[in-house]
Structures are given as structure tokens and as C-alpha cells.
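What follows is chain A paired twice: with chain B in the first complex and chain C in the second.
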Partner chain A sequence: MRTAVTLAVVGGAMVALPWLVPAYYITLMLPFMAYGVVLLGLNLLFGYTGLVSFGHALFIGIGAYTGAVLTTRLGMRQMELILLAAALAAALVAAPVGALCVRYVKIYFGMLTLAFGMVFYTFLLKFYKLTGGDEGMRMLRPYLLGQSWEGFSKTAYLIGPYYYFSLGVLVLATLLMWRIVRSPFGLCLRTIRDNPLKAESLGVSVPRFRWYAFMISAIYAAVGGALLATPTGNVDPTLAYWTHSGNIVFMVLLGGFASFFGPLLGAFVFIFLQDTVMSVFPYWRLVFGAVLAVLVIFAPGGLMGLFARRLPAEVSRG
Partner chain B sequence: MGGVFHAAILFLVAAGLQVVFGVQKIFNLACGSFYALGAYAGVSAVGYFTGHGGSPALFIVPLALGGLAVGLVGIVVERGLLRFVYDRDETFQLLLTFALVLMLEDLIRMTWGTAPVSTGGLYLSYGQARLLGATVPVYNLIVITASLSIALAIGWLLTRTAFGRIIRASADNREMAEALGVDMRWMYVRVFTLGTMLGTLGGALVIPATAAMSEMGIELIVEAFAVVVIGGLGSIRGAFVGALVVGIFRSVAIAVYPELEMLLIYLIVIVVLLWRPRGLFGAVAA
Partner chain C sequence: MILEARDVRRLYGAFVALDGVSLSVREGEFVSIIGPNGAGKSTLINVLTGVLQPSAGSVRFKGKDIGGIGTVALTRLGMARSFQLVQIFPDLTVLETLQAAVVSRLGLGTRFLASLAGCGHVESEAREVAALFNLHGKVHTLTRELPQGEKKLLDVASAFALKPEIILLDEPTSGVSTADKHAVMEILVDAAKRMGLRAIIQVEHDMDIVFGYSDRIIALHQGTVLADATPSQIEADAQVMDMVVGRRRGAHTTSVAPHPTPSPGTRGNSWQPSPPQGEEGRGSSRDARLERRGEG
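And now, the complex of A and B:
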């Protein structure tokens, strides 16, 4: 009940936000919502299945580059189709990559995903003709719901139609993920996380379920990556770099990997804290590194774990 | 030959990674940051030395000393951070070293600025030598020799000394070693500092041949990571072979088809991980 009330308040606030706060903060909400989608997927792998990927930026990169290639090279500007294409591209890549990675767990899974991520990063960097090399590619303003929104200035477009479009995608992605983790499939994933041997002996095919989880999280990352590309206006290989993968794992941990909404909170705090820190002190990595160290040592449950101790139990109940 | 020089440096960093992983079971993402730290410290030490009338011909002495000295930061890191997470899930250990990567990168920027720094023209002050029909800076040969000697010294340390026997015993079975009276806390401090110093020394030695940049650490870590995966986690011999493989394949790829440079390395890593996840020299069921 409390969760429902909180959600209604947060949802209402997000709909009303463009009238309440300056445009600048709305433009910060855009990456938050894009990362929100990415992290919902990442947490299916991290929090629910117990696999930590250090190469998930690979799929953010795939989503973002799908958007850039479609808008600049192929003249395809419909955002709905771009998201669909990003999801498809991610699924095509994640199917073989995931099938190889899920044969391993723990540190070997992390290393293998990191290696695949860096393969894609090097590909983006070195194959200049296809990808624009280290300068990357431009992402043109996509049409939303079939309309071009030509009359809007860049900011008006971003804080108006694009804001609501992103919000819609985030809400849909959240509802879908909520269904996934509460389904028998989600229960199987948690069993695999807590006791793979038992899951296997109960007839759950552990590698296959891990593979499904990997695919779903890759698709989420690509959709988030495509959403992220529009406000930036430009995509470049650093999107797929391993430190980016590290940062998104950081966001999940910051919010709390043991809770469904933890990752969303993590993305929100990360984006706004980064903006605040950077405005007063140029060395945000120093501050964030210290925050991460403190989190790991003293509060591995993240922010959700701090102010809602009862939450992990609720999550494990499903 | 450029490949072998690169391999010599990579070996030092990877050996640091291996020693720490072997004993403390922590995969240290920050080993690349230590390498960058060593590079900057080396530049500063050489600058101070020549600025106070030191002979340029002796620049390698302050270079190596600066690299080793800054390695003592390992003590602070181990006591201040890592000791809290030894009994945690390895995910958290990995994330803690990632936190270290973030902090060290900015600490370097704060201390030395964002512009690349270098030791100037000292690289060729030892002249060049002709070897197998190629011209090689003598400095490269010195570094290759030094790295080989260090490899031999580590091998001797691990197999022939009491300290080495204790290290191997702790790596095999921490509880048993502790029960037999090994002070694990002191052990971990020493091992981690040794690992750190190998990384910082590697960074210091590379620097006359290139320039120090704040991103050099996060770039090197993926190469060092390739080395240890190919060689096998926790094995010094593996680090040696892995460094040679990576160094030589890289220079061949650069000469033949530059686009493939790092791509080739990662493909080798993936093949090794899939075909033989414990690497060429890794322990069985590590």
C-alpha cells in the first residue's frame, strides 16, 4: 500500500514536473529516465539472477548507435521504430554473446562480458568509415508518434514531447519488468541466484534461464541507450567503454540492488549528484569513488537498504 | 622488438595483479591506476633529479626509485579499504577496486593536471643499438633486462625463500596457514604492497618512451586483464607468457592491419576464456 501511494505521488510529480521546475532540471531528467530503463534490465541480471556484468555498456552502445545510424544514414526518424530496431539489434548480439557468457559465473562472467564490451568498443573506435571513429556520429532529432515537432526549438522539444515520450517508455519498461520479476520466470531466476544446484534439481535449466535474463537485460540496455542518444545529440565509442559499464553497476549499487525500485533511485541520485558535484568541484570521480567505497564497505544494500530495512524481505517474497 | 618492450612493461603490471589475486583473491581493477601513478611519480622524480643537477645519464635511478616509492600507497589502500571486504562477495571487492580507479584518476588530475607530461628527450640518452637488423633504443633493452630479472627474482622469491613458501601456503589454504601461525594481516599488507610496487614500477619504466596521461591507467587495465586471462589467473608464469603473447600479437597486428590491433587481443581473450577458462597456466578449479 505504501509503495502504491509513493508510486502515485512520484508518477504525478513526474507528469507535472515540466511546469514546476526550470528547463535545466528537465534536461537532466532525460538521462535519468534513459538510465532508468538500462538499470531495470541490468538489475534483472545483477539483483535477481546474481550475475554482475562488467560489459553492459556494450548494449547501451548498440542502442545508441542504432539510433544514430538509422537517423543519419538511413533517414529513418520514427522513434518507435528506432527503439524496436535497437531492441532487435541487441537481441541479435546478446543471443550468441549471452549463450557464451552464461556458461560462467562470478568473476569469469564479469571478465568475459568485459572482454566482449571492449571488442565492440574497439570496433567502434577503429572502423572509422562505418562508425565515425572516436568522433562518433550525430543522432538527429527523431519523430515521436509520427510527428516531426519541427516548430519546436531544441530545448522545447526535449523538455516537452521528448520528456513525455521518455516517461512513457520508462513507465512501460517498469510495468513490464514488474510483471517479469513477479512471474514464475522471475521466481526461477531468484532460485538460481540463491541456490543454483537446487534450482537444477527442481528441473530449472539454469544456463537457459540465465541466458533469457541476459537477453532481456541487453534489450533493456539498448532501448535505454537509444533514449540516451537523443538529448546528447551525438554518440561516441566511450558509451561502450568498460568504465561506463562500471558506472551503471555503481548506479544499481547506489540505489540498492536488493530492491525493485532501487536502481531507479540510484540512477536519479547519480545523475543529479554528479551534476551538483561537477558544478562546485571539477573532480567528480574522486567524490564518487569515495561514495562507492563507503557504500561497498558500510552500506552494500544501497540507499534503499538504508531507509527501508524491510524491503529486501518484500522483494524476496516477490 | 617494440612488442617485447611493451610485453616487459605489461608483465610487471600483470605480475602485480597476479600476486594480489593469488593470495588475496581480489581482482584489482586499480592495478592500471597504480601504473599511471607510477608513471607520474617517475616523471616528477626525474624532473627533480635533473633540476638539481643530476646527470641525465643516471636518470633511470630516480625514475625507478620514484616508481617504487609511490608503490607504498599500497599500504594505505590495503589498510584503509581492502581489509574490510576480504570476506565479502567478490562482486563487492571488484566494485571497491573500481572505486579506487575513479578516485586515483582524479587524484592524478588534481596533482599533475590534465595535460600529458613526459621526461623530455631522455629516452634516447643511452643511444641506440643494432640488433637482428633493427635499430633499438638501448633504454628498451635495459627495461627488458630489468623485467626479466624481476621475473626471475619473483620466481626465486616464491619457490626458494621462506616468505615465498608462506605466500604459496596462504594462497592455497588461508585458514590452514593462519592456524599454523601466519599473521594474515601483515601478510596481506606485504603482498598487496608488493603487487602495487610492481605496477608503479612498470608505469615509471614505460614513461621515457611515451608521455604520462591520466587515462593511461584505465586503458592499460584491459590489456593487463587480457594478459592474466590468457596466462591464467594467479600464475606468475602465466603473466609472463601472457604478456609476451599480448605484446607480440599487438605489434604484429599494428604492422599488418592496424584496425585489428586491440580487437585481436580481445578475440584471443574470448577464445582462451571459452576454450580453457583457467588460462594457459591457471590452477585447476581456481
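And now, the complex of A and C:
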């Protein structure tokens, strides 16, 4: 009951937000919601399966470039179809990449995902005619729910229709993931995270379930990547660069990977903290490095871990 | 014959871990494998559970060659195992641990969007197994918070939750206090009886447990079978007692059934499935097993 009330309050606040805060902060909510979708998927792999990927920016890149290619090269502007195509493209790439990566664990899994991410980054950088090289590609304003929203200025479009569209996608992605982690499948993933040897002895095929988790997380990352591309209107290879992968792992740690909502909190705090720090101090990475060190040493459970006792058990434990 | 190994050899480079091991396990048997360190027990377990492919020879379970078949496939065929070192899921509750086994057995693991809480039969089966192992009062306890003895029980209970036809227990009482060992074995044998297991194999160092519960003992020594006989025959064999047991039991104990409260019929074939106890869950478990055998 308390969980439902908490979520209702947060949901209501997010719906009302465009009327309550300046447009600038609404534009910051857009990357938060895009990363929120990415992190829900990443945490299925990290928090629920025990695999840390350092190459998930690969799939964010796939999602973003799918949107750019479809809108600029193929004239397809429907955002719903773009998200679908992004998910499909990510699944096609994740199937063989995941099949190879999930045979390894710990640092080897992390390094292998990083390696594939760098291969894709180099592809984006060097195949200039297809990808625009280091300049990237434009992402044209997509249609939402069949409407072009031509009468809206860019800002009005972003803080109005696009904000609510992103919110809708985030809510759907959250509900879907909530269901996944509470399914028999989610339970099998947690057995693998806790003890793969024991999981195997109970008949859980560890590589197969890891691969499923990898696929789902890649699809989530691509959908988030496609959402991320619209506000900037441009996609470039840095989206797939390894530091971007590092950032999203940081967000998960910041919020707390042991909690279902932790990564969402991590994305929110990261986006707004980054904006605040950058406005007063040019070396924001210095501050974030210190934050990361403090987190790992003093609060390995992340922000959600710190607040866990004050929150409903279902929210904090996920 | 449920399980049969014929002339199994297993080499690690030039080292011969198993050298022509043959054994068989029949319906209703409780078989103990004993031997000193380095006798080849661990290798034999891994060969019998399909983890290792024998270098030569064959292992057949219900007539199928299971050499190197792998743990997951063997579980599906109806063989489960527990480990010498306690294997648990630290961040799962007792109930979730048992539910995981039930989910796996019922093939529900790929239900991505089904609610686990909505799978009422999964929870009821898990609770049934928890009750058999006296863990029903702790179903919502995180397994890492259980005392060591209960962790061991849960490890074994989760293997039982697979409703296997045969179970291989690697030192089921290791890590359990001496005072609790027989209680653990009584729970285990009782559960096997109620759940309709067809055979139990255990690897055990505690000779009181071995001689108190086994129908047959297989003594390994340097990768070969030194003896394969009943407990009383083994006890009468001075050479085996000296080489494998390491002492003459008679010098310390006068009874071959030393547990303080031996339940009637824990020896011989009497631990085989008992008639339904009139309790809904227990009866239905057995019925389910019999149905599955019928399909096979």
C-alpha cells in the first residue's frame, strides 16, 4: 500500500511537473527518463543477474543511430516505429554478442562487452558515409502518436508532447521490468546472481538465462538511446564510447543496484548533479570521481541503500 | 537398475583418478560411497552426475548414457545432487530457494511476465518441501541468516524440491554438529520416503552415518572399488576396515546402528515410498511422481 502511495505521488508529480517548474528543468528530465529506461535494463543484468557490462553504450548508440538513420535517410518519423526498430536492431546485435559474452563472468565479461562497444564506436567513427563519422548524424524531430506537432517550437515540443511521450515509455518500461523481475524468470536470474553452481544443480541453465537477460537489457538500452537522441537532435560516436558505458554503470551504483528503483534514482541524481556541478565548477568529473569513491567505500548500497530503512520494503528491495 | 557405471576410468593428464570403477544402484537402495582422501570419490561423483565425461567406460542412468551430459540435463532426467560445501543463495529467502527448484522442475523459468506470486502451486509445493525439512517456520528468512545446520538442510531440501528419482548427497552431514547429524539424516530419509525417491547415494566420512543408514557400501581406494557389500559384510572385512574406515568399528562401538533413535525401517528397502499419509500435499507429491514415471 505504501509502495502504491509513494509511486502515485511520484507519478503525479511527474505529470504535473511541466506546469510547476521552469522549462529548463523539464529538458533535464528528458535525458533522465531516457537513461531511466536504459538503466532498468542494465540493472536486470547487473543487479539481478550479477553481470557488469562496460559496453552497454553500444546499445544506446544502436538505438540513437537507428532513430537518426530512420528519420534522416529513410524518412520514417513515427517515434513508435523508431523505438520498435531500435529494439529490433539491438536484439539482432545482442544475440551473437551476448551469446559470446555470457560464457564469461566478472572482469572477463566486463572487458568483452567493453571490447564490443569499442568495435562499434570505431565503426561509427570510421564509416563516415554511413554514420557521419565524428560529426555524427541529425535526428529529425519524430512524430508522436501519429502527430507531427509542427506548430510547436522545439522547446514547446520537448517540454510538452515529447516529455509526456517519454514519461509514457518510462512508465511502460518500468511496469514491464517490475513484472519481469517478479516472474519465475526473474527468480532464476537471482539464483544465478547468488550462486551459479547451485543454480545449475537446480536445473537452471546459467548461460541461457544470462543470454536472455543480456538481450532484454540491450533492448532497453536501445529504446533509451532512441529517446535520448531527440532532445539533442544529433547523434555522434561518443554515445557508444566506453566512458558513456562507465557513466551508466556509475548511475546504477549511485542509485543502488540492489534496489529496483535505485537505478532510476541514480539517473535522476546524476543528471541534476552533473548540471549543477557543471554550472559552478568546470571539472565536474573530478567531483563525480570523488562521489564515486565515497559511494563505493561508505555506501556500497547507493542512495537507495542509505534510505532503505525509510522506504517500503518492496521499493527498497525491489 | 537405475544407475550403472561400467569400467569407468578418468584421467587427469597422466594421473589416474578412477581406474575401472564399476557399480550399480538398484531401486530402493541407500548406497554409501566411502574412501580415504584421494580415493577418487569427488571424481566419481562428478562422473556420476554428468559433470565429467569418463575417459573410458560408461555411466548409464535409467538406461541412458549420461557421460558428460551436464548438470542441467541430468536434473531433467531425474537426478539431483547436493554439495559437500553448503551451497545456498544468500540473498534469497528459504521459500524463494525452494520455489526456484520447483520453477525449474516445472519448466516455468522462461515465463518472463508471469507473476511468481500468482503461481500458487509453486509456492505450495515449496512450502510442502520446507515442512518436510522442518524449515516451515523460516520460509521468509534470508538463507544467509540461517544457522549452518539449517543451511545444509536447505541445500539438501532444494535438491529434493526437484522431486528427483535419485539423489546424490555429498557429505550430507558435513558442517552439522555431531549432536544434530542423526536428526538431519532422519529428516532426510523421511523426506525421501514421503517424496518417493527411488534411490539415494551418499558420499560420507562419518562412519556412524554410513553404517547406520546404508543398504550397501562401496569402498573406494586409489581409484578402484575395494569392496561393494552390505554394512555387515564390510564390517566383517578386516582389510577394508583397516584400509578405508581406518579403524575397527568394533573397537569403539558395538552396534552397527548407532544413531540414538533409529527409526524403524531406515535400513534395507523400507525407506521406499510409503503410502500416502493422508495429508493432501504429501499424497499429491507421490502421485505426481508416479505419473511422471508412467510417462517415462
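Heads up, the rule we're going with is that the second predicted complex is superposed on the first by the 308 of 318 C-alpha atoms of A that agree within 3 Å, B and C clash if a C-alpha of one lies under 4 Å from a C-alpha of the other, contacts with A are read in each partner's own complex, and residues count from 1 in each chain.
Methods note: contacts are C-beta pairs under 8 Å (C-beta built on N, C-alpha and C of every residue); 3 or more make two chains touch, one makes a residue touch a chain.
What you see is a predicted model; the values in this text were computed from it and never measured.
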| Looking at the combined model built on chain A, do chain B and chain C fit side by side or clash? | fit
| task | Check the residue A:Met118 against both partner chains and state whether it touches chain B (first), chain C (second), both, or neither. | result | first
| request: Based on the superposed arrangement, let me know which partner A:Lys106 touches: chain B (first), chain C (second), both, or neither? | output: first
| request: Would you sort A:Gly186 into first (chain B), second (chain C), both or neither based on which partner it touches? | output: second
| Residue contacts with chain A in the superposition, chain B compared against chain C | B
| In the superposed arrangement, does A:Gly203 touch chain B (first), chain C (second), both or neither? | second
| message | According to the stated criteria, A:Ile297 is in contact with first (chain B), second (chain C), both, or neither; which is it? | response | first
| query | Of all C-alpha distances between chain B and chain C after superposition, which is the least, in Å? | reply | 15
| said: Please output the residues of chain A touching chain C within their complex, sorted ascending. | reply: 176, 179-180, 182-188, 190-191, 193-195, 197-205, 209, 212, 216
| field | Complex contacts: residues of chain C adjacent to chain A | value | 71-72, 75-76, 80-83, 87-92, 96-97, 99-101, 103-105, 108-117, 119, 122, 155, 158-159, 162
| Along chain B, where are the residues that touch chain A in the complex? | 27, 29, 81, 84-85, 88, 90-92, 94-96, 98-107, 109-110, 218, 222, 225-226, 229, 233, 258-263, 266-267, 269-270, 273-274, 277
| note | Within their complex, chain A touches chain B through residues 52, 54, 100, 103-104, 106-108, 110-112, 114-116, 118-119, 122-123, 126-127, 242-243, 246, 249-250, 253, 283-286, 288-290, 292-293, 296-297, 300
